[in-house]
Amino acid sequence: MIVDLVFQLLQMTLVIMVAPLLTGVVRATKARLNRRRGPPVLQPYLDLVRLARKEAIIADSASWLFRITPYIVFASTWVATALIPTFATGLLFSWSADLIAIIALLGAGRFFLALAGLDVGTSFGGLGSSRESLFGALAEPAMIVIVFTLALVAGSTQLSTVAAFMTSSAVGLRVSLAMALVALIIVALAENGRIPVDNPSTHLELTMVHEAMILEYSGRHLAVIELAAMLKLALYISLIICVFIPWGLAIADASVADRLFGAFVFLAKLLAGGVALGVFETSIAKMRVFRVPDFVGAALMLGFLGALLLFVSRTLK
Amino acid sequence: MKGLAFDVSHLLAGGLVLLSFVQLYQNRLYALLNVYSLQAFVLALSVAWQAFVQDESHLYVTAFIAFLFKAIVVPTALHRVIVQLGIQRDVENVVGVGPTMLAGLALVALAEVVMLRIAGDADVLAREDLAFALSVVLLGLLMMVVRRNAVSMVVGFMSLENGLILAAAGAKGMPLVVEISVAFSVLVALVVIGVFLFRISETFATVDAEALDSFRDGRR
Amino acid sequence: MNGAALCLAGDAALLALAVAGAPTSARPLGRPLVYGGSLVLSLALLAVAAEALLFGGPGASLVLPLGLPWVGARFSLDALSAFFLVVVNLSAAAASLYALGYGRHEHDPQRVLPFFPAFLAGMNLVLVAADAYTFLLSWEFMSLASWALVMAHHRDGQNARAGYVYLVMASFGTFALLIAFALLAGLDGHFAFEAIRAAPPAATVAILALVAALVGAGSKAGLAPLHVWLPLAHPAAPSHVSALMSGAMTKVAVYAFIRIAFDLAGPPDWRFSIPVLVVGAASGLIGVLQALMDADLKRVLAYSTIENIGLIFVGLGLAYAFRASGLDAAAALAMTAALLHVFNHALFKSLLFFGSGAVLTATGERRLNRLGGLLNRMPATGLFMLVGAAAISALPPLNGFVSEWMILQAVLLSPALPQWTLKILAPAVGASVALTAALAAACFVRAFGIPFLGRPRSDAAAKAEEVDRISLAAMGGLALLCLIFGIFPGQAIDALRAAVDQAIGAHMPTQSSIAWLSIEPVAASRSSYNGLLVALFIALSAIMAATIIHRFATAALRRAPAWDCGFPDPAPNTQYSAESFSQPVRRVFGRIAFTPEERIDMPRPGETRAAYFDLRLGDRIWTTGYLPILKVVERAATLLNHLQFLTIRQYLSVVFGALVALLVVLASWP
């Protein structure tokens, strides 16, 4: 029991400690590919500390909702991330929410962030909220149909069970899983506002979405929101890792050594994922805003197609 | 072995369906050609795998033909056509991408239901292939219907034909001569279409097939 | 003591209150008398119903020597009725409490006060009626009472039209239900529910009756494409009545459907689940899209009712399909999900309508584009509305999430169904439920964000003041219930057990005994959710983050003008409006249900005239579905108009001919 609790807390600390590093790795990869030197990998930590120490400036027209939103967004994202089996399945609280609930937790974060975008009453904030709402409204059902596919394969929406099933030999090659993977990657790109959907490193650009919503934030509020965004990126990459490349994951009741080993493997996979994301983002152009619904809609269709195709192979057994 | 054979052929045939969808999604001609070429490559792999599983050496020939003509010759030829004619490289859809994909999904669902009904007691591998093949055929037809540009109609036709070859490879005992004749008939069709393309573009300075419609009697 | 008798006594008291309300309604005493009385009576009925639902006992029933000869007026209180009585009377109690404060601003109290208790009595009577005649009579009484309330502010031209459309559609719905009961009762006329249950109709007749029931109950509940009256009528009534109509009356229609489909119509036929699922999913999508497009706060809420009713019918359709294939555990899950959503929707939709009433009181505005910044001026109303918006958007840890989560879990069990059509339909329905839920979140970001956040868009919004304490108490109570049922869903599921048992013949495993108050619909390894832990975790980590930052970094805060990339515009009209917020969604989904026409009149550079943007949304269902029917009816009316100018002899011959024709039909009946 105590050991379980320790590992659950370890997981919560691990994700929050490693999330800025992941963002730093992505940025460093992109800088290197652009033949820039770029900031050091640890720069995101320094940024967060610097922001947190600054005085927060709030617009005159902002309400109390504006001030509590960063903490709500951060808390819901953190809780969602803590429920992903990153290095071990069957952690103490892993059963308190299944994958659908994790998606809904992220949806709650988005809901409040979109409200905060409207709160100050500026046109940029409204623009960001409105577009984010559309992308979210497409990405969320795409995510749900991916869950359908996974649940059809693994017989569960519980991530620990899914991950444990994926490590077993019963899986086999399935085109549906490939489709789910592609769809999940598209959803992850859209949800995290990465290229080609949104550009995380722009300001003052009419096509920005996420950055437009949080334009009015500063100081500690901005730091908390940035941290939540980093956590969300870590969440999606860990989700892809634990479902599609789960090797090295410590299955429930594994020994302490296994779990520690799992943690190291997870770190390596996470950072590799960050590098891959950096390479991908460098090699592709951002798309027009109204091309994005097609892109995310394609994820929805792919996920659904995956679920549909499973019925064919299902009839075998 | 049985499990692996099934898994791989399922993956490859499903990959064909997936690539048909990717074709529906593309809005640039070059990208469309690349995807088509990839699909032909996957088809060749799939046929080769069938050859290995069914232990039918003539299927290797089919795979090779598919790879040579469909993955290399035809895309290259179409690529040259596009360059020479200076065709506008954006694909114009009659219907939006979203509804097209939805229609595609419905077609796949239909294909599966039909195949599971009529071929319910057939060999697992064959039934699987047939369901996917019918999906690819229907998606190819769909692409021909929703695209305006004659080149992408051609690609739709060729992708439809990929589905036919998949079906042929899955059915045991299909003689080699049939497959070769199918392949050549497609090649002939391609030549005809190529000539046709040149003619349209010379006459109308566009390859928008709807330009032809204005010459039909009794319209509007 | 007989529960049915107690319910009837309560209904009689409500009717008496309605009669008493008529003469006193113009006096200042009328309002506290009527609403106070309704509050007390609703609470009493709530207690009776809750007792019957939780502690049960075999069906208490009662026959009064009224109504049809040989049948009498039959009433009974079983678990299913009891559950819906709980929903209706909880909403009624909240609405009465709210109206104690809100009703103060009513211009024509004599048009509202007498009908309010009558409306409550009508809904209660439908739920305890146990024969077709009493049921239809109460149903019609409920419709007419609510119609009178819709027409309370009849001087507004739109409201008069709303009342007219409502009346036509309500008559149509009752007619369809009449056909359904006639088919169920058969030629021998078993009008009592017990007799119908004992001798269920043949399969083909049952299917026809079910379709008629779906049409009749669906038109009252607001299923597409029979929903057109709902967004007109619900907002036209005073806000506490809107809350009741959306929160409670649509649920009475759901009850009618469940009663007929799961109780009276005999063994289920899986094919009937297809129209239910399709219509449910379509209503969900159409409702939420319309809600996203509309710029009137109360109409947005009414459209969102259509969406939620759609979700409920998806649950019911799944339950029906599972039951037809003998998958009782799955059917119980789907039914529980649907009933839980019925309850949850009554809570948060009442709450949201109360909030819109408060906004209306404070500003006199329902148009989103004339509001803004209300959260600063009406903090309590704003907080409660926020809770309601989050709950209806299915955000954890509130109650709306639990029921939608359970509906999705039920969808995930659908591969067990043997029918191919359903196997392929179910994931499609599931995907559309997910899309609906996600769009609902976008819709309520807009419905809450535009009026309550940002800067005021009109003087009225700038001068708004918080509403009275009693209204706030009603809203606060409902908001608290939303939170409580979100955190302890297991208890709610267990409370539904008897009702589900009665509809399906099976129930979900007991949830409240599971460790840590989780809920596990099927098995722990398959799926589980723990509202309590999720709420605790979120609260703890938010507080922790805030404390750490305030303690170790800085707590300094400064107010300054908005940044807005360096070009803040002081004019409030430069904010995003309701239409501009929904523009991306309109561009992507707009063509499904609407015919959006955007006209942009942009002056050339150098011209000094203003630019105009004009947006018109046509309702495709109205233009393609209803207008042709209207035209046919109009033509028929013109033709029949000749009948008005016949001689007396001709009239007599028409009557005579009709009599003879009926006799011939009777003679040739097999």
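The first chain written gets the first letter, and so on, giving A, B and C; residue counts start at 1 in each chain.
Assume a contact is a pair of C-beta atoms (placed from the backbone, for glycine too) under 8 Å apart; a residue touches a chain by one contact, two chains touch by 3 or more.
These numbers were taken from a predicted model, which means no experiment stands behind them.
Participant: Could you tell me which two chains share the largest number of C-beta contact pairs?
Facilitator: Max contact pairs: A-C.
Participant: Of all the chains shown, whose C-alpha centre falls nearest the centre of every protein C-alpha atom combined?
Facilitator: C
Participant: Any idea how many Å lie between the Cα centroids of subunit A and subunit C?
Facilitator: Chain centres of subunit A and subunit C, defined by C-alpha means, are spaced 35 Å apart.
Participant: Rounded to the nearest whole Å, what is the centre-to-centre distance of subunit B and subunit C, using the mean of the C-alpha atoms as each centre?
Facilitator: 49
Participant: Which positions in subunit B touch two or more other chains at once?
Facilitator: Where subunit B meets two or more other chains at a single residue, that happens at 98, 109, 112, 116.
Participant: For subunit A, what residues touch not just one other chain but two or more?
Facilitator: Residues 293, 304, 308, 311.
Participant: Using the touch definition from the top, which residues of subunit C touch two or more other chains?
Facilitator: 424, 588
Participant: List the residues on subunit C that touch subunit A in their complex, please.
Facilitator: Where subunit C meets subunit A, its residues are 372-373, 375-376, 379, 382, 386, 390, 393-396, 401, 405, 408-409, 411-412, 415, 423-424, 427-428, 430-432, 434-435, 437-439, 441-442, 444-446, 448-450, 452-455, 516, 518, 524-530, 533-534, 537-543, 545-546, 549, 553-554, 556-565, 568-569, 572, 574-576, 580-585, 587-588.
Participant: For the complex, which residues does subunit B have touching subunit C?
Facilitator: Per the touch definition, subunit B meets subunit C at residues 98, 109, 112-113, 116-117.
Participant: Contact residues on subunit C for subunit B in the complex?
Facilitator: 420-421, 424, 588
Participant: Where on subunit A is subunit B touching in the complex?
Facilitator: The contact residues of subunit A facing subunit B are 172-176, 178-179, 182, 293-294, 297-298, 301-302, 304-305, 308-309, 311-313, 315-316.
Participant: Help me check something: in the complex, which residues belonging to subunit A touch subunit C?
Facilitator: 49, 52-61, 63-65, 68, 71-72, 74-76, 78-79, 82, 93, 95-98, 100-101, 104-105, 107-108, 110-111, 114-115, 118-127, 129-131, 133-134, 136-141, 143-145, 148, 151-152, 155-158, 161, 203-204, 215-216, 218-220, 223-224, 289-290, 293, 300, 303-304, 307-308, 311, 314
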